[in-house]
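One chain, chain A, links the two complexes that follow: it is found with chain B in the first and with chain C in the second.
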Partner chain A sequence: MPIVLQNLSYTYQPGTPYESPALHDVNLTIKSGQFVGLIGHTGSGKSTLIQHCNGLLFPMAGQAMVDNMAILPKSKDLKEIRRKVGLVFQYPEHQLFEETVALDIAFGPKTLGLDQGEIQRRVRWAMKMVDLDYEKFKELSPFGLSGGEKRRVAIAGVLAMQPKYLILDEPCAGLDPKGREEILYQLKRLNEKGLAIILVSHSMDDVARLAQRLVVIHQGHIVYDDAVRQVFGKAKELEAMGLDVPEVMKLMMRLKEKGLAVHQDVLTIEEGQDEILRVLGHA
Partner chain B sequence: MLRDITIGQYYPGRSFLHRLDPRTKIICLFLYMVALFTVKELQSFGYVLAFTAVIIALSGVPLKTLAKGLKPMWLLMVLTLILNFFMTAEGEILWQWRFLKITGGGVLKGVFMVVRLALLLNVTALLTLTTTPILLTDGLERIMKRCFIPMAHELAMMMTIALRFIPTLIEETERIMKAQIARGADFETGGLMAKAKSLVPLLIPLFISAFRRADDLAMAMEARCYRGGEGRTRMRQLRYRAGDGWAFAAVICFLVFVIVDRLWLKLFV
Partner chain C sequence: MIEIKDLHYEYENKEALKGIDLTVSDGEFLVILGHNGSGKSTLAKHINGLLLPTAGKVTVNGLDSQNPEEFWPLRQQVGMVFQNPDNQLIATSVEEDTAFGPENLGIEPALIRKQVDEALAGVGMSEYKDRAVHLLSGGQKQRVAIAGVMAMRPKVLVLDEPTAMLDPRGRREVMAAVQKLNQEEKITVIYITHMMEEAVAAHRIVVMEEGKIVMSGNPQEVFNQVEELKKLRLDVPLAVEMAHRLRQQGFALPLSVLTIEELVVALCP
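Up next is the complex of A and B:
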């Protein structure tokens, strides 16, 4: 049972001079367990789109559904929908407010009305999922942590709700390479455990490595929605939209220009390595 | 919900009012207020209303936008109306219940006060709606300097920054609110205590981010060698144009007419 957006449109501040259409007639289905990459230029409507998935925004036309529950302003299911669809905003460490890491992560489960034991169990579980040692971090103030640690605490705060779908808006923005790798690795692990993940990213390398499916949004329209390899096959079209292809793919294109007969549809460095060795006759 | 806040909001346009010098607008607003408080009779509001209608028409701001700006003040207006209804004892008694009574004079006074308040709020809103914050504080700074108010530049700069950060902080509030709602926070239901308590996860991150922004801004200003108003020149100089002369003439005529009417003509008494 999936997240379904049907013929969805949304406009910000309609009827004022600040009116700006954000989404036009968007159709999208996210099945459970999928790992979907969502890419688009700044202002393309990505953030608007993901806020429709858990009822922070309501469609002005069309409809949005999560597991057969319609997302409507006064719906009784809204709480359940928001629990099922975890949303991690950009710079999620800005939402931290509690005295200790453990208390902050417990905020979500507490609002669900769980008992103390269950809350404890979930906090431990969520911290394990993001590789934070419970004993070491539980009593620390979240404001004294490093940038990468703060972000992991914030992600754990959403994970503790035990969502079925996890949407992350640029979870790696502003982190150092080590912090990025850790977060991406944890996302991969979570997905392997059956959590559906929607990753909004500006890094083509990251989505190429992790996602199975890629959705490209441009000026409020979904332009491509296909397997990652298929979408990155349209390098020229992506470039025209201000987007890009993974670095290793660019390398392959350059090699081909120089006369090496490689296939271009490689997504990761490992694939690229194999392809070059194959063509050079070393495989 | 938060986007309804229109304090200090700018309505982009190229109308007559938009193109006036900010100093003209500030001084004219002041003169208009004097006129507004000179009027003592409800009937005399007729020509004040007509004059205000002309100003609104010249601003190109739709009535809907103005009405929206009044919305947060409706409680104050209703309170004004009720207080005047019950506290004034003049003229015939319209309605009585024990010690509470409404008199004809009270009704007139209540309506008078509310109309005056609405006009005041509307025309003040027009100032910020037709003037960008930068121009507004520029104008204020120049006026304050003329009046030999010390620290004019610093005051104006503080005001610019405060105005500039209203939308940013509103945006930030919405962002944090959404993040906490996504974690199951509930800002709408529950009693007063529950509501106050639910604000903690919103206010703490908001304060932290406001301090962080202030810090960043101070650093950025220092990096650009900002050192107060002394010897500071501007890229865009304010200059009075023909339109400003007309605006001054019209407002001064209006004020004189209001005073003359109150003291001698008593046209509508």
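Up next is the complex of A and C:
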């Protein structure tokens, strides 16, 4: 049971002088349990696309479905669709508002009409998923936490709805390298537990490390949708679209140009190191 | 010259800066690293008087931020650029936005024209001067934000994570514009970032932790302390990390390797 976008098109402010087409004939299927990276320059249509996945926007042409439920403006299924597809916006910590961490995370589940015991169970589970110690953090004000901790509280709030698909728009922007590492590690772990993840990112290194599949969007069209290694093989085309390849791949490409017989389709520093050692031998 | 002496800053009974001593020379490109909450932005905001010291002293070219008579001249010498370009642009066209600062300084129109033209040229945005701001890419918006500051002719440019929200091309554009202002117009640059690849361009890097400066040196000196940086929740550029790993495997690579190009030369002489 997947998220399916079929021949989907969307235009902002149609019929006005400000009309601006955002998505053209997009076809995309996200199956449960997948880890998909979504890249594209600012204004390419990424945000418009992800807002179609949980009914924040409705297609103007084509259709959007989540687990066989059509996303339509007056559908009775919208509440269930929005629960199934969790969306973590950029800088989600700006949306924290409650007095304590536990209350903030409990806000979503409360709207589902669950009993107190279940709500508490979900809050504990969500905090565990993002590595926030329940006893230590539950009574703290979310506003006194560090940037990385606040962001984890915000992600826990979405996880507490127990979504099947989790979409994150630049979850690491503005975090220090360790904070970034922590969020990425938690996403990997959540995916291993079966949650489908769509990671929107400007960091080629991050999507290279985590995603199995990479979708590239450019001027409202999906231009590549393939295994990560295949897509990053298109270095020149990506650069022309304002994108890039992972740093380690740039290193391998330059070494190859210099005549070293290394493979270029390397995604992590560990792979790059093995490849250099394979060709140059141990010194 | 910027002189910061024994700077302390407290808010809500927390000491965010605990005795900073730092001198930045004219024309220097200084990068400040440090994890979220280490005090980088608090320090940066003291340089143009957005925050004033609880104790200690900040002067820019002899102007003291705590002296009411020197406060406004100091502000004019230090321009600041922040993370989100959308929060920093106010007018509808690129040119009008860039002129906003000098207009508010009461500069005569002919001179504003000149300063705006030069500021836009400095960041490579002249050909977009009539463009609507909301139609620009992230990198272009951020360069307009820099031009808006440069049009007031500051001596110092303080940038607080100016590329954090940008796509790869936007990051390259902004970094190139800042380097050009530093090299060609001799603007003193103080650049806060979490992107280690950008820090390589600095003349000097200072690393902050818990409101103090804990490391300082040129990029080679700082980045070769790989283990110490990781303990401070930071990282090193890919080329440095790879060279470090290869050295552990017995490769003799110079410690001066900071960029991919330098690593390529070291591996394929």
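Before moving on, here are some points about what is shown:
Methods note: the second predicted complex is superposed on the first by the 281 of 283 C-alpha atoms of A that agree within 3 Å, B and C clash if a C-alpha of one lies under 4 Å from a C-alpha of the other, contacts with A are read in each partner's own complex, and residues count from 1 in each chain.
The rule is simple: a residue touches a chain if its C-beta (ideal position, glycine included) is under 8 Å from a C-beta of that chain, and two chains touch if they have at least 3 such contacts.
In this text the structure is predicted, and so the values were computed from the model without any measurement.
Within the superposed three-chain model, A:I269 lies in touch with chain C and out of touch with chain B [touch as defined at top]. Using the contact criterion defined above for the overlaid structures, shared-chain residue A:Q6 touches neither chain B nor chain C, since it reaches no partner. Legend: residue contacts after superposition of the two complexes on their common chain; A:Q219 is shown touching neither chain B nor chain C. In the superposition on chain A, contact of A:G157 is made with chain B only, not with chain C. When both complexes are overlaid on chain A, the residue A:G147 reaches chain C alone and has no touch with chain B. Put simply, more of the residues of chain A are touched by C, taking chain B and chain C as the two choices. In the superposition on chain A, A:N54 makes contact with chain B only, while chain C stays out of contact range.
The contact surfaces that chain B and chain C form on chain A in the two complexes do not overlap at any residue. Within the complex formed with chain B, the chain A residues making contact are 13, 15-17, 51, 54, 56, 79, 82-83, 86-87, 89, 92, 94-97, 107-108, 110-112, 143, 157-158, 161. By the touch criterion given at the top, residues 3, 11-13, 64-65, 175-176, 178-186, 200-201, 204-205, 208-209 of chain B touch chain A in their complex.
Residue ranges of chain C in contact with chain A, taken from their complex: 34-37, 83, 137-139, 161, 164-171, 194, 196-197, 230, 233-235, 237-239, 241-242, 245-246, 249-252, 260-261, 263-264, 267-268. Of all residues in chain A, only 40-43, 90, 146-148, 170, 173-180, 202, 204-205, 242-244, 247-248, 250-251, 254-255, 258-260, 269, 272-273, 276-277, 280, 282-283 touch chain C in the complex they form.
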